[in-house]
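Each of the next two complexes has subunit A plus one other chain: subunit B in the first, subunit C in the second.
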Partner chain A sequence: MTESLKLTVDERDDGLAVVYTDGYINNQGGEEIAATAYRLIDAGHRKLLLNLAETKIVNSIGISILIEIIEKMLEIDGQLSFCCLTPTIAKTFHIMGLAQYAQIHETEEEALAALT
Partner chain B sequence: MPPPSSSVVDSELWRELFTLEQRGVADRRALDELLGRWARARGLSAASLDQAGSDADAPSSSSGDDSRLASFGLETGGDETLDATLELPSGTLRWRQAADGASEDGTGLDADSLLLAAAARVCGLKRQLEQETFQAMFRGVEMEVLHEIGRAIASTLDVDALGEEILVRAVSLVDARRGALYLLEGEHYVLASVVGGEARPRLESGEADVAALEAAPAEAEAPLPGAAHLLGAAVEVDGDPRGVLIVADKESRRGVGPFVSADRRTLALIASQAAVALENAKLHHLALEKERLERDMELASEIQQKLLPQRPPSVDGFEMAGWNRPARQVGGDYFDFRPVGNGRIGLTVGDVSGKGMPAALLVSTLHSALSVLLDRGEQGSAMIEVVNRHICESSGLNKFITVIYAALDAERAEVEYLNAGHNPGVLLRASGTVEELGSTGVPLGLLPSATFEEATLHLEPGDLLCLYSDGITECAAPSDEEFGLDRLVELLAAMGDRPLNEILSHIDATMLAFADGLPQGDDQTVVLLRRLP
Partner chain C sequence: MQPVTLTLPMITDMELTASHTAGALGRQIGMASDQIDEIKQAVVEACINAFEHSGAIRREVVVQLDVLGTDDAPEGMRISVRDFGTGFNLDRARNPRGERLVDLKRGHGLRIIEGLMDEIHIESDGGGTTVVMTKLR
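Our next item is the complex of A and B:
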């Protein structure tokens, strides 16, 4: 497993951007996602999809940062969705209440269809 | 600059606060707005409101800075110091005068400042509640993880996948930045899984002591080089070491620090669950491996049975039969009858040193060499010398084969034989005398340049030739007494002119009765040739 999180961003039309994560979403990884999300928001994106297919692990610090991003999206009337979670991460997100404020989809296609 | 107002309170702000509350968003934005109005009313260039007595260890769910509740006119992430401070009941107000030296400063606990303090108090309490809710929910995740690992004991049987799953869950649950799982293999602890950075591939058994690991984490030889804080838990089954689970550097929003006692309990709990799960997976893996080996042995046994003749050839004036019982699934004994040209029939009994699969492999080599040469019409000592050289090249050290080979010329009633270090064959004459077919050379596979002599004998009507392996004569009774050649000769003599298959069945039953339940120590083979009266 890599030392730090790798991010790939796919900026699409209609204010939608997909962010692909690869690695551990911890304090460092979470901050990188937050910085990327805020940059995309500043660039005018209001719909963000986080594809976590290549992330097998997330800790409570990472979750707290994801919650901040969700709050930020709610403040600007935007929408944050997640897709391709491992069963463990999906269960963690549900227990931690992320599913109340962010949509969680099994596949990227399903998430994109819901966002567009 | 807007005109100073007497009060920051207005209906618009309260409406906004109420709306944000209803949307379930943290009220930091509203507090920022309130602070801004307070600062602008006093002509200040920058201000911040910091929480009193914030819990530094708790992860924040609403702010990138654990103690700051609101700020006005500050650059995000800048290292700015503010000039003046006012302690409020719920926190601290800091501010800086505008550059043009505006009229009012922030001093004095006026009504607006107290209102700000009240709002900060509400905000702080709400944040504390959020943090506590967050912690409570994360305990839910912890319970779920332990439950999942317990369930994995019954479902995941792949050791590698299980090791990674256990490590990932341990690292995330105690908010470690890094982690590694080592499993004991022989004398060493081998890295099974790693998260968040490099780890040494192997630890010596003396290096896997948890207390020693935790005491000196920053050493160059540490399992996780560069880690500042280590926490370890031994993975044990009934007190026997199986591995060690190590996590490093507990994360908070401000960086990394040491682990707390609750983390040690959590890690120990995961390690004990992991030990059972890993042991279960390992036992399952061993059982599968054993099953596979047994299937291979069954297949090898079937293949070996096919090397033996299904039935003896029919030769006028003669009768022949063979019988073999390996001590294990596969054996090192071999027998064969086959036409070898010029109307002759070759009879072979071979015995490879040792038993089981290694011996069986050499039996195959012997079978191949003999089949090819005899089918090509090769004869006698020249033939066996080629076989010997071939066996010398194919067999390892201390592996050899004793062989007795007899070629029957039915027309002449003559047998030409070679004995390469094998038990002497016995010839029971119809007249009642017994002759032995002694050694005419060394066992095959010992000396590549060995030579072999042939000997010839004539069979009279009623003569019975018996070739056998030492599993017959050395068959042991519970008293340690061996069956011996005398008993074999007596048995053959007592059976008289009974059909050969009947004699072989009797030998089979006699061997079992003699051993009296002892496990068979060696492969047993008998080949009989009789000139019909």
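Our next item is the complex of A and C:
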């Protein structure tokens, strides 16, 4: 049995969508986030916020998939930001170099203010 | 406290079993929650590295968790993750030059472990790889 990731999406009117994750971001979870992100891009969203408040652990394969989403967003002049990371996940993102290409905010309010 | 030893099959999410066990031991010896989270993350990466990149025919890893110090005054935790794969080139993993993909991929996880733990020691040869990680209180 796998520990599945749950995703909730809030599609807003201003080209922004917020994706809420709940669970472990491994390869399978990363692929689910990517599929959701690409669907949102196809629907016209150019700004995505990933709220990781309910994610307590990630792995490097999942992070590699998140980096692929960032690369896709950069190709279309879009933006992917993150918020509500645990201190350990934030530290891990910095170690993996993800923080060089995506903004990381402490709160959703702060992230939304920066994206809109 | 006696060491805790887990023999885990290389199947999906089994890394979480090792991670949860390390977390429970960390709580038992009164480590700070941020330290416990860092240990859990590092254990996940060490297991994932073994699962994904060891090239092992024997599809299991042995995880051993040791409390450092005494029961009355624990000083930290040492975790070793052993696989029985083909080994890898540590220098190439740390300084990837694109020569062997296995070394490049190993490098991501090792960087995370090095960034989260206080000490890391790796032994790798044709009989497998052992990653020994230490976090002090």
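Here, the second predicted complex is superposed on the first by the 114 of 116 C-alpha atoms of A that agree within 3 Å, B and C clash if a C-alpha of one lies under 4 Å from a C-alpha of the other, contacts with A are read in each partner's own complex, and residues count from 1 in each chain.
Just so we're on the same page, a residue touches a chain if its C-beta (ideal position, glycine included) is under 8 Å from a C-beta of that chain, and two chains touch if they have at least 3 such contacts.
It should be emphasised that the depicted structure is a prediction, and the values quoted were computed from it without experimental measurement.
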Superposition on subunit A - do subunit B and subunit C clash or fit: clash
Which superposed partner A:N26 touches (first subunit B, second subunit C, both, neither): both
Subunit B versus subunit C as contact partner of A:Y101, first or second or both or neither: first
First, second, both or neither for A:A114, with subunit B first and subunit C second: neither
Which of subunit B and subunit C A:V9 touches, first, second, both or neither: neither
Partner chain(s) touched by A:T92 [first = subunit B, second = subunit C, both, neither]: both
First (subunit B), second (subunit C), both or neither touched by A:I57: both
Part of subunit B, among the options 238-246, 490-498 or 508-516, whose backbone runs into subunit C after overlay: 238-246
Overlapping contact positions on subunit A, where the subunit C interface meets the subunit B interface: 1, 3, 24, 26, 28, 56-61, 63-64, 88, 91-92, 95-96
Complex contacts: residues of subunit C adjacent to subunit A: 12-13, 15-16, 19, 34, 37-38, 40-41, 44-45, 48, 52, 108-109, 111-112, 115-116
Residues of subunit A touching subunit C in the complex: 1-3, 24, 26, 28, 56-61, 63-64, 86-89, 91-92, 94-96
Subunit B partner contacts - residues on subunit A that touch it in the complex: 1, 3, 24, 26-28, 34, 56-61, 63-64, 67-68, 71, 74-75, 88, 91-92, 95-97, 101
Sites on subunit B touched by subunit A in the complex: 23-26, 29, 59-64, 134, 137-138, 140-141, 144-145, 148, 165, 168-169, 171-173, 175-177, 194-198, 251-253, 255
